[in-house]
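Next come the structures, one after another.
The following pair of complexes shares a single chain, chain A, combined with chain B in the former and chain C in the latter.
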Partner chain A sequence: MTRLNRQSLIIGLTFLVLAVLPPLLSAIDQSYYVSIASKILIYALVGISLDLIIGQAGLVSFGHAAFFGMGGYVCGVLSHHSANDLLVFSVFTGTNNALISWPLAVLVCMVLGIIIGVISLRTTGVYFIMITLALAQMVYFLIISIPQYGGEDGLSLWTRNKLPGLNLQDDTQFYYICLAWVIIYLLIAHKLIYSSLGLMIKGAKLNHQRLIALGHPPFKAQLMIFVLSAMGSGLAGALMVNLTQYVSPDYLHWSLSGKFLVIVILGGIGFLFGGLYGALILLGLEEILSSYTDHWHFILGIALVIIVLTSKSGLYASLVGRKAT
Partner chain B sequence: MTKLLTAVNLKKSFGGLNAVDDFSIELGKGEIHALIGPNGAGKSTAINLLTGELLADQGSITLEGQDLSGLSTWQRAQAGLGRTYQITSVINELSVLENMLIALLAQTQQDQIGLTHVTKITPLIDQAKHYLQDFDLLPNAENLAGELSHGEQGRLEIAMCLATNPKVLLLDEPMSGMSLIDGKNMIALLHNIKQSMAILLVEHDMEAVFQLADTVSVMASGKIIASDSPQIIRKDPLVIEAYLGGDDASG
Partner chain C sequence: MILFIEQLFNGLQLGVTLFLLASGLTLVFGIMGLINLSHGSLYMVGAYVTATVTNHTGNFFLGICAALVCAAILGVIIEMTIMRRLYHRDHLYQVLATFGLILFFNESVRIIWGSQPLFIDIPQSLNFTVNLFGQGGYPAYRIAIIVLGIVILLALFVLIFYSKIGMLTRAGSSNREMAQALGININRLYTGIFAFGAVLSALAGGLAGPIYAVEIGMGESVLILAFVVIVIGGIGSIKGSFIAALLIGIVDTLGRAYLPAFFKTFMSASDGAVVGGSLASIAIYLLMAVILVVKPQGLSSKL
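What follows is the complex of A and B.
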């Protein structure tokens, strides 16, 4: 079988399974797992968006929790104001409408992405890692210093957002919303990667000096992909807060940024689908191991080391038989 | 001859070492100016000062009257400075065609950068293939640049530079490590392109230098010790002592 066929087969099978998962789970009376599957899809969305900046641009962001958490907080705060009839900044009323909350969450993350991107894209390598980490931690400390929004305790939501015509409170419907976003984001990312813009970004990753000598500093293109990445993670945060009906400063914490990196590395750097498989393996292992023992972190650590050592380009790469470029 | 690039009194020292000292050079359109000298004479450092990859401690660089001194490397490239590297610098992990596309998109076709699938921008692809045809690389278009022979990589690098329409081309040992045939092809190639630009050629291959150069400057210990036509440089006793060595000079 050729490599391309194998890849199409695996992608096709993956989406087939994802599409029929909720009825399948309800048939075997395990509907509880639908919300866990939603969580995996949400982390997959972050993994895919983070891989844009790591895999395509070659820049390791250690601060993507800032976007994830910020997206979550926008939804949480709007919902909080709506439930308690308070004005945001004494001007706007809150809202529980997903058609307002979600785009707003993405928009705020776009602005945050531009701010963090403009500053951190002046650096590369280890410095880029450190500066994204530092800026993300600033966002974390900023948010927990607002007692109105729960400080270190976070905010609970009364209900998930409302989407006309759908009932997001229903786990199955919510799952399909998450799946739809993952597919939409994959399509956008795919378009970007194979565009002329994507080619310039790839060129800058592989030979920065050559691009500069050709008179083309990659800053603008890198900023675009960074902001798109931030928006994806912000959307994932908004979905996460809806899933758990809770927004916590943990969503902004650097350790979560680390977890996102683990997802990308496990799945395979430079493969869009890597994020999906990385989320599946990490969250799946967490779920399975933690049901057996309290010391699951230890076993998870060993499992991760084994996976990384045996499949160097990541799980997805091993599945489709490709190496990252 | 119109002067394109003028550098005056460039100086660069690393610690106590004067890598380049009092370096002045004028490059005219249609002219190949060869820069020769023993290893460590400061030739590559001089190129890096011109492109801005190293910042000169003092001195000025102007391109057609425009002061380049305060500009960064990419700004100088946009102003019209193209360069190749001593260790050929193409994007090994991408195909030859993709390398060419990037070079075109970098400056002359910047408005084509967007979200359109890159293989669907037909005029761009055609133009890239046209360049590859000219440089005899079209059969390798789909191969990775890293898989090309040394000579082919050198041609690709020059093709990429030319795609940015440079006014001045700075070539750092384009013939080094090339086979005899590749070297001959490179000489023919440089001869063909020199009409429309100024070329600074750093090269150890004396046969190539004396075939191609209109002017030869000789560097030793960071300084230009002689600068003249090839015929005169060949016979300059100072040059022979510093670099050429008695017998090689006549060869």
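What follows is the complex of A and C.
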């Protein structure tokens, strides 16, 4: 079977399974797993967006929790204000409407992405890793220093956001919203990496100097893809806060940025679709291990080291029969 | 005024602690090209071993020695089993493997010592205050840390630039293959450098024990500060990281001490505390951003 066919077969099968998952789970009386599946989709969204910047641009961002958490906090804070009738910055009221708070969350992450991107894209390689980490840490400290929004305790929400015509409180409907976002984001990302912008970014990854010499400094293209990646993670954060009805400072924590990297690598670097498999393996492993022992980080840590030392490509990459780039 | 001098010394003490951590990190990166997230774990292990031995024997210096020995052994084991296979790999994989090591170490410490933080008393022989410029007392222990940090800086310089080992290290750093061809055992040299970095990190952890709580995760918060230090100082540069460490230590400490009060002068007390506190907690990152805009390669790019 040719490679392309094998890849489309796997993608098709995956989406088929994803589409029929909730009714399937409720048929075998395991509806509890629907919200775990939503969580996997949300992490997959981050994995896909992070792979845009790692796989396509070759820049390792160790700070994507900043966008994830910021998206979550925007949603949570708006909801908090609307529930308690408080004004945001003493100017406008909060809202619980997903049509307002989700785009706003993505917008704020866009601005944050521009700020962090402009600073960190001045560098490459290991500097880029450390700077994204440090700037994300800055966002973390900034947010937990605001006592009004719970500080280190986070914020609990009364209810999920309202989306006209749908009931997000229902786990199955929420699952399909997450699935829809993953598909939409995948389509946008796919379109982008096969555009001239995508070519430029790949060119910059291969030979930065040459691209400049050809009269195409890649900075703007890299910034655009970084910002798009930030927006995807921010949207995922907004969804996550809705899923758990809790805004935790953990969503901004550097160790979550580490887990996002794990997802990308487990799925296979350079395969947008790999993010989905990466999230599936990581969260699946978490779910299984944590049911056996409290000390599952111990096993996960060892597993990570072994995975890095032994394998060179991710799960999705092996499924479609290609080495990760 | 005395408060200002006290805060300045606190800043120096934090700076020296960061330098001990950053120097090992920057050596390992500069020479082996390895980005080691688990460097902070050795800081934590150092603090835990120091706390345990000190609380059992009542002798802090014995505790520090035990921590250094432990770190050296651990460093050799980690280098020979894991790090050695990572030198030629992409930074992304190095980050991932050492991230796995962090999870492993944090959880191991939780299994061995439990989740409760430990505390160490300041050693009796250093538990007094020193008069600074005739007014007010400053803890001798913190002054000892500052002095020790400066001694270690000087020792590192002598070691790197005026000793045989230092010469081999620099040779291995500038051209690995050539050094190997000339008969230097690069593998053993790298193991030695890694263990040496681990020892410095554990020393920093042990010394920090009596000042901060010894708890799980203590390594990572300080590791990220050490990253900021080596980014500002220029990766691979001992001199740069010393300057940057002091800069970060002082800016962070003075920011936390004075920014809230400064904002309270023209804001309401609660607003001033929030704005000042937020700004103080991100001051060093702003400083890093500014320095990167001016000098993207850091303050110094030489060893």
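Quick note on the criterion: the second predicted complex is superposed on the first by the 313 of 325 C-alpha atoms of A that agree within 3 Å, B and C clash if a C-alpha of one lies under 4 Å from a C-alpha of the other, contacts with A are read in each partner's own complex, and residues count from 1 in each chain.
Basically, a residue touches a chain if its C-beta (ideal position, glycine included) is under 8 Å from a C-beta of that chain, and two chains touch if they have at least 3 such contacts.
Worth saying up front: this structure is predicted, and the values here are computed from it rather than measured.
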First (chain B), second (chain C), both or neither touched by A:305: second
Partner chain(s) touched by A:203 [first = chain B, second = chain C, both, neither]: first
Touching partner for A:216 - first (chain B), second (chain C), both, neither: first
Partner chain(s) touched by A:194 [first = chain B, second = chain C, both, neither]: first
Greater chain A contact set [chain C / chain B]: C
Touching partner for A:265 - first (chain B), second (chain C), both, neither: second
In the complex, chain A residues that touch chain B: 191-192, 194-200, 202-203, 206-207, 209-217, 221, 325
Contact set on chain C toward chain A in their complex: 29, 35, 37, 82, 85-86, 89, 91-93, 95-97, 99-108, 110-111, 220, 224, 227-228, 230-231, 235, 274, 277-278, 281-282, 285-286, 288-289, 292-293, 296
Complex interface listing, chain A residues touching chain C: 54, 60, 62, 119, 122-123, 125-127, 129-131, 133-135, 137-138, 141-142, 145-148, 254-255, 258, 261-262, 265, 269, 295, 297-298, 300-305, 307-309
Chain B residues touching chain A - in the complex, by the definition given at the top: 51, 53, 73-78, 82-83, 85, 89-94, 98-99, 101-103, 105-107, 110, 112-118, 121, 124, 160-161, 164
